[in-house]
Amino acid sequence: MESKKHPGLQFPIQIRFDDIDSYGHVNNVTFLTYLQDARVQLIHRSLGAAAGEGAAEEDTFYDLVGKGNFALVGRHEIEYLEPLSFRPVPVYVNIWVTHMGGSSFEFGYSVAEQDGAKVYAQATSGMVLVSKETGKPIRLTDAQRHALQEWSGDPVNFRRRPKSS
Amino acid sequence: MESKKHPGLQFPIQIRFDDIDSYGHVNNVTFLTYLQDARVQLIHRSLGAAAGEGAAEEDTFYDLVGKGNFALVGRHEIEYLEPLSFRPVPVYVNIWVTHMGGSSFEFGYSVAEQDGAKVYAQATSGMVLVSKETGKPIRLTDAQRHALQEWSGDPVNFRRRPKSS
Amino acid sequence: MESKKHPGLQFPIQIRFDDIDSYGHVNNVTFLTYLQDARVQLIHRSLGAAAGEGAAEEDTFYDLVGKGNFALVGRHEIEYLEPLSFRPVPVYVNIWVTHMGGSSFEFGYSVAEQDGAKVYAQATSGMVLVSKETGKPIRLTDAQRHALQEWSGDPVNFRRRPKSS
Amino acid sequence: MESKKHPGLQFPIQIRFDDIDSYGHVNNVTFLTYLQDARVQLIHRSLGAAAGEGAAEEDTFYDLVGKGNFALVGRHEIEYLEPLSFRPVPVYVNIWVTHMGGSSFEFGYSVAEQDGAKVYAQATSGMVLVSKETGKPIRLTDAQRHALQEWSGDPVNFRRRPKSS
């Protein structure tokens, strides 16, 4: 996979009062809600330049997956770097693709200021393409691989991974 | 760390209608809420047999941390093994300690049936003991280490960790 | 409708850390989640003694509604009487039926200690039975009316309703 | 109170995937989260033209309340008019003041399209100004009354209020 820092897919997330826990910051679990919304927004917007052979620019990745299949979350890994406080202006989630397998792929994310001046968290999500009928993994199509390749970027450089595990 | 499968700390979690997403299962993010509640319940209950020198049996781990410090979530890692549906009876979170460092420790979890017959997810959380005043990590005390040791168990054997990262 | 204080339908609700807002109490919105869970539990449990002609004791109200219809929330009214703090033991929702119309009915609730010694909130929800196909209200059946009648109790005596509205 | 339809205070709310319940629409409870965020945004933004004697334009209503007091939610009333689906563009909450008492006031809201073409829900919230120290209601100051008066509009015309209650 050709390495790029990340391909510039960035989604604003509006912080809610309800995101703040009794310690006065965005709760650690809520960050995964932010990742989920970036993922949903990416998957449901027009592919544009990421449309390869067999896909139209107005198609979404969701269209490419098709009604018979779905992209399942297999795992998450997240580390917290700075506390995030309530504020009226949005925080931003950068999302990109860090890995592609036969029927799986991985999203990388950072939750950050728009200009990257501060990074609050970074994360990955392992995704598996699954058939609704059989519940079994199915292979990524060429059009899917093309889009994921267009969105590909560097692996997430986790700093807090335990040596022991 | 002496190895035990896990030391039998298990908390029931009541599933809420709101936990179910538009795919009809407990949303993947919600599992981290379940882990959080197991953690909060463990930290706020009496130490009992886990009370070492300098701690009373009726003390909680929260008492041992003290008002000037707090245990911060540094990271989470979670993998999803089976979909979990809404039901009136609780699901169970098993929680134990998988690692201890100078000022950090790690919780391991499984979200499962009470008898372990089915495991829906397994996870770890890296925790850091931090001073509220300085924001800096502080060393675990002997009484804290004693309790964490009592709660210690096997590392989580993640199956879906990507080889690439 | 024969008046009874309320017919003894009570459901425990486990308080979550996430329910607590930055003011340190269960957030006012979260109370409606508690009501929702009491409602879901009532609707999905066996009718037992509330089963009338055309219904079996093991049927649920959800069964009586049937797959082609659903019970829609039309409105809520809630008032807050006491702040509720985090605690490991559950709070209780009492739920009963306060009103029946042609195709609508109303639930009354209190969020309280199990013995009623303290009431944190009281509320009503207007429900409408609707056809999934047409989206239009449909008439309550005799079996549905029988169950709702069995669950009927006193109207909620709101104390904070504004005179102006 | 001088009547105006409503004084044009409108806040966009980003819909989250997590807001959607297993019926495929924004869950009825989630609407109250939207109201809460409109309220928080209104209370924390500069008063501007709503600043009266004893308040600066850059002050917020939160500043006027002061650190020793807070505005408590006493009640909510909400009715649902149309189902709201997930979408990438925001929905809007209009918020205004429908009533002022000695130490209390009421917000009115609609959850709607920006141009009002479709209204999904309408609601009111009864608020009480309370002293943190005594927990008792305290009288609204002139500067607070001035701001609330500037934000005042028509009462909410509830259509689904039960005649019985």
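Note that the chains are named A, B, C and D in the order they appear, and that numbering of residues resets to 1 at the start of each chain.
Everything below uses one rule, namely that contacts are C-beta pairs under 8 Å (C-beta built on N, C-alpha and C of every residue); 3 or more make two chains touch, one makes a residue touch a chain.
Just so it is clear, the structure is predicted and the values come from calculations on it, not from any experiment.
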| request: Would you mind checking which chain's C-alpha centre is most distant from the centre of chain C? | output: A
| said: Going by the touch criterion at the top, tell me which pair is linked by more C-beta contacts: B-D or A-B. | reply: A-B
| Centre-of-Cα separation between chain D and chain A, whole angstrom | 34
| Approximate Å spacing (C-alpha centroids) for the pair chain A, chain B | 25
| query | If you average the CA atoms of chain B and of chain D, how many Å lie between those two points? | reply | 38
| Which chain B residues reach two or more other chains? | 17-18, 27, 29, 33, 36
| Footprint of chain D on chain B - complex, ascending | 17-18, 20-22, 24, 27, 29, 86
| remark: Within the complex, chain B is touched by chain C residues 12-14, 16-18, 33, 36-37, 40-41, 44-45, 88, 90
| remark: As the complex stands, chain D meets chain C at residues 23, 27-29, 32-33, 36, 70, 72-80, 98-99, 106, 124, 126, 155-156, 158, 160-162, 164-165
